[in-house]
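Two complexes come next, and they have one chain in common, chain A, joined by chain B in the first and chain C in the second.
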Partner chain A sequence: MLGFGRQRPWLTLVVAFCVLLVVDLVLKLLGTELFVFGTKALGGSLAPAALTAFVLDGVIVGMAVGLAAVGLSMTYSILNFANFAHGDYITGGAFVGWTAAYLVVSGGADLTTRFLLSSNLGLTVLGTPIATVVGLIAAAAGTIVLTLVLDRLVYRPMRDADGISLLIASIGVALVLRYLIAFVWQTGKHGVTAGPTKITALGIITRTSHEWTLLVVGGVLMVGVHVLLQFTKLGTAMRAMADNKDLARVSGIPVERVTRMTWIVGGGLTGVAGYLLVLEGGTIVFNFGWTLLLLIFSAVILGGIGSIYGAMAGGLCIGIVDKLALIWLPSDLTRAAVFAVLIVVLLVRPEGLFGGVKTA
Partner chain B sequence: MSTARERFQTRVKTLPDGLIIFGVMLGLYSIFTVLTVSLGFGVSGIVDTLRTVTYFTAVYALLVLALNLHWGYTGLFNIGVAGFMAVGVYTMAIVTGPTSPGAGTVPGLGLPLWVGIVAGTAAAALVGVVAALPALRLEADYLAIVTLALSEIIRLTYNSTVFQEFSLFGTPVGTGGASGINIPTNPQTPINAFFEGQMGRAALDAAAAVGVTRPIVVRNVAYTLILVVVVAACYVFVQRIGKSPFGRVLKAIREDELVADSLGKNTRRFKIKVFAVGCGMMGLGGILWFGSDGYASPLSFRPIVTFYIFIALIIGGSGSNTGSVVGGAIFAGLLYYLPQFFEQNSAAALDRIQAIIGGSTATPNTFVAAVDALGQLDVTAFLSYCFANIGSLRFIAVGVLLVYLMQHRPDGLFGHRIETASSVPLSKPAGGEDDE
Partner chain C sequence: MSTQTTTSDATRTDEPGLLSIRDLDSGYGELQVLNGVDLDVGAGAYVAIVGPNGAGKSTVMKSVFGLTTHMGGTIRFDGAEIAGQDPETIIHHGISYVPQNGNIFPTLTTRENLEMGAYILDSVPEDRMEIVFDRFPILAERQSQKAGTLSGGQRQMLAMGRALMLDPQLLLLDEPSAGLAPDLVAEMFDRIGAINDAGTAVLLVEQNAKEALSRCDRGYVLVQGENRYMDTGETLLEDETVRQQFLGG
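The block that comes next holds the complex of A and B.
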């Protein structure tokens, strides 16, 4: 044990800190306090219901983050670069989707208002189901077109460039996308949904219809990705490429076509994630994807780059950490806690929690 | 044709560094002089505009030089520049802030200005070391993500209400939270003192005699001149680092860390040292930038600031100090300040445009209305919308430029300047035929 500690001092420290947090959480749930030298060191009070609420909130955020993370993880492992424009693909998808939903929904607004999302038409899943579904499909389709066009214009001419050059180019893409959206839709927040109805499932869990939508659609898509990767020829080819691009090429895998399919699958999931995030949050703003980007990177790295299941699990973990941190930290520091988790994971276990299983 | 272009490029690259920088600044000054004169500015206005160009060039050059030390020399992809700037600025503000401030501001330690500047620079360097110890074990893009995350943690910490006011060894101090922090004893104070003295008054009178009637312009010019001196000192410093044995090891690490390691160099220690020096310079750059504004808030240190500095370095060419300064100047002048200049003078500019091509100067309030105006061939109205949203357009231009540079000129303008390690000239005698 001593030798273990000497070899990996960081790990020991992290484990000790986690144990401390768990002990504190248990004490808080029991409602007891622990005093050291007369000052309160651990414990407090926390209702179990509050804990479950935090975890559920986390799962909901994590589902969307996980969906977006799958797309990022795919491109990270197959194209071999950290795509900093990924956050803005999310925003792009959401704007395309919601504009489409606005154009379809019935109501008194004129075309300009609809196109610019300039007044809240109050869409809900149950109230305006057709518009919501049309928006969802448009978000996926729009993001796929967007990723393919950008791949053709930006990334394909640089296929042989190193990861850092591609990373820098993707920062450029991110800026262009984000501020084109700002140029057209302005920088203010647009409210797009009405207050959704609450639905109780399994007799105990009460959540809004929009949160349920996110959970169900997210779950279905994740299972779909699993099926795609494990049981189709394309999935095998993608896994082979993530593992070793050159070997894949000499084995006769059409690398460029698989790359395109990667963008299509990843882009579709990303667009849906963006659309659902807005559905759940109720507002849309030009930079919401960018502010999520580091969260998504955290999820990808936590799960292990290239591991699709890792990205899903990483997303859920990150979502739960983001909400559970509220037990110990004020709300304006929880994001910082998530980033700290990201840094710690990179230092202690850079291959990620699921790093052993490459791309599924 | 391409040979003529190549010959031109070679000639530019062999020009003395000072001359290149001078030429670029001259170019920027002419652009802005033409603009200000055509918009009908007075002497004060023209001087102030050129002063602002110089000021932004200087702060960008300083920060780009620091980043060049990290990325250009050592190959460390640090995209947390904004965070290190924030540490410098906030430390300086907390150290020099008055102990009993007025309403709505947070207390500081009340120490003299120079202590604040030294403390801010040192704190940024220290945070750099703390960050470097673990982070430098990581590969390039992991390091990028860690430094970005770190800069966001720093910004969110300064933004948090927890540290809005806290006690440091019993003395109340604070970061001001989201409402930002005043920098009351800002670096202009000694300058103000100078202009209240006899020599200062004489200088003000002399300036007024040539048409610069606003004293604040003269003061700002004086501050900018000091800034230019600091930047020149940093340039010499970084240049000397680059030519020293230390700098050669850094470049060896950039090219192939394994080789440098195999040759018995403790590459980890070299990387930590250079990280500290660069971060200290970033802190200083932040202080000199925001110190003169008298105010800083967490919003001033968003990751976009880091990307600005990166883009300036990429324009100039990483690895070249002259490139860093030129990149800083081009970015600061044309991409950072020019749009801001148009935003500030949009009414006057639109009047000029209207006088030439007609149309209406009323700003369409939505994109659809702007496109509608363009459809009716009212270019002025569309431009008016563009001016109102010039901030967004600037980012779009920056992004397009970034992609273009990475695709076509990844080495920037001066990235591959010939660096001679030999102490004797190796150039061929004049008049020889080209090999190619």
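The block that comes next holds the complex of A and C.
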């Protein structure tokens, strides 16, 4: 199977198709059309501004997916299993965060309404900054508590079990979590934000305040993860554990403590990702994390399983492909484009973009 | 330098025991591998365990470092009973362990590998780092290189360097010459001898019995989980039975 992707015909086909897309894109940007046998084959019209808008849309979505993917990849590489409950950690964190924001914000709603998010209080970053920030912190803290409690109850007692057993256990955790959330907050969609203000930066890029928030917070956290991993003792120990857990233990690295820290960092990022996705999208529903999980797993796999930088890059890639595909495909089909790219990458480079380098 | 170490054994064996194993039963889960093993390592001594495959040589070492299931007997180190403790505790007593396989962190740089060796300290001991770099100059040259890109010999040096970062009283080496090119084996033993000459006690498990016994103060021949012979390395090398049965004549 491994040699499959290295066979010429595949690679040639993929390269040819990519070249075709690029040519088409250039023609579209130039506003020219190319006719073959009297039918339009290539080209069309696409304003350069539209292209940048697509890319930026992609970066915004990709940032959130990437953040969530980092959390998933960290637990994958250091604890050695694919956590299928990760999507529901995202949902859980988002609900905790938004409930906290609702409890803090001033307004005429009663406590039950606030707690159950049952009417849209129209939060915005600029209109209700304190509630938004409190919610963000609560989302991180809530997800951290959630991951630690679940680790203690479910994963720690089976720490030495194989990856498949842990994976199956995590599916159980996912279901329990999802329907607990549905039990408390119901299965309907809750609108939580009001239309955000548009802000223009650098004189050209205009985005909503919520999209800017996602970009800035996401960017800062990704740089933060990089600094943690590369320049701190804890981060080096996390990488060491991802490399060789047995050797980490005999070197005197407190394996349980580093594991706990991994859940804390990964959980915090996951909660923030969930919270920001809702901030950007405006609505929250009990299974939104679960429906994102496939995309997040794709980001992790695209980047190379277990590679934290790969997860960031994979998330961004997937976001950008998802939005760029709109140039050629109707919006219902862009997910298909994402998975097509994933399949092609896996054929050409089965270990993923950053595969084999793990956390480094 | 090897001749010096092999002649000093008579006096070394009378030194107070740093590590003293008595009647050790040990294994993995339900499986018992060691059966009543006795072993002593004096302060600053150089002791080798040799014997056929599956004799339990590595298990002795793992038992000392708390990586096996303790089933009976005592392991005293520097006056304290350490049997049944976990590695995270034992490393604080002054014992470091170099496993045979997977003894480096491949995606970490050489320097980061060494830093991880001193994880239990509050800060990286730069003076120890210098000592390790003096002992293995190639590691200083390669300090910002990923450990996974080092050659076999360099990896083994890095593994020992990592273990030396805490300046242990006792260094446990599991088959340090395994997988090395023949011309590197003697060099590796020279380096181990130098570490020992600097005052660190060494307990070594080796397939390469002739080389190990010719260098050590004292050797143990382990067969089927039991001590079969114990003497100075030199005597064991000259012993007809040991030669015939375990050293291939």
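In this text, the second predicted complex is superposed on the first by the 343 of 360 C-alpha atoms of A that agree within 3 Å, B and C clash if a C-alpha of one lies under 4 Å from a C-alpha of the other, contacts with A are read in each partner's own complex, and residues count from 1 in each chain.
FYI, a residue touches a chain if its C-beta (ideal position, glycine included) is under 8 Å from a C-beta of that chain, and two chains touch if they have at least 3 such contacts.
This is a predicted model, so every value here is computed, not measured.
Engineer: After the superposition on A, what does A:A240 contact: first (chain B), second (chain C), both or neither?
Structural biologist: Touch status of A:A240: second partner only.
Engineer: Touch check for A:P254: first (chain B), second (chain C), both, or neither?
Structural biologist: second
Engineer: Is chain A touched at more residues by chain B or by chain C?
Structural biologist: B
Engineer: A:I164 in the overlay: touching chain B, chain C, both, or neither? Say first, second, both or neither.
Structural biologist: first
Engineer: Let me test your reading of the model: by the given contact rule, A:E351 touches which partner, first (chain B), second (chain C), both or neither?
Structural biologist: A:E351 sits against neither chain B nor chain C.
Engineer: If we count contacts the way the header does, which residues on chain C are in touch with chain A in the complex?
Structural biologist: Within the complex, chain C touches chain A at residues 65, 67, 87-88, 91-92, 97, 99, 102-108, 112, 115-117, 119-120, 146, 162, 166.
Engineer: For a test of understanding, state which residues of chain A touch chain B in their complex under the given definition.
Structural biologist: 10, 81-82, 112, 115-116, 118, 154, 157-158, 161, 163-169, 171-180, 182-187, 294, 297-298, 301, 330, 332-333, 335-336, 339-340, 342-343, 346-347, 350
Engineer: In the complex, go through chain B and note every residue touching chain A.
Structural biologist: Per the touch definition, chain B meets chain A at residues 77, 134-135, 137-138, 140-142, 144-146, 148-150, 152-153, 156-157, 159-162, 307, 310, 314, 366-369, 389, 391-396, 398-403, 406-407, 410.
Engineer: Can you list the residues on chain A that touch chain C in the complex?
Structural biologist: The contact residues of chain A facing chain C are 233, 236-237, 239-240, 242-244, 246-255, 357-360.
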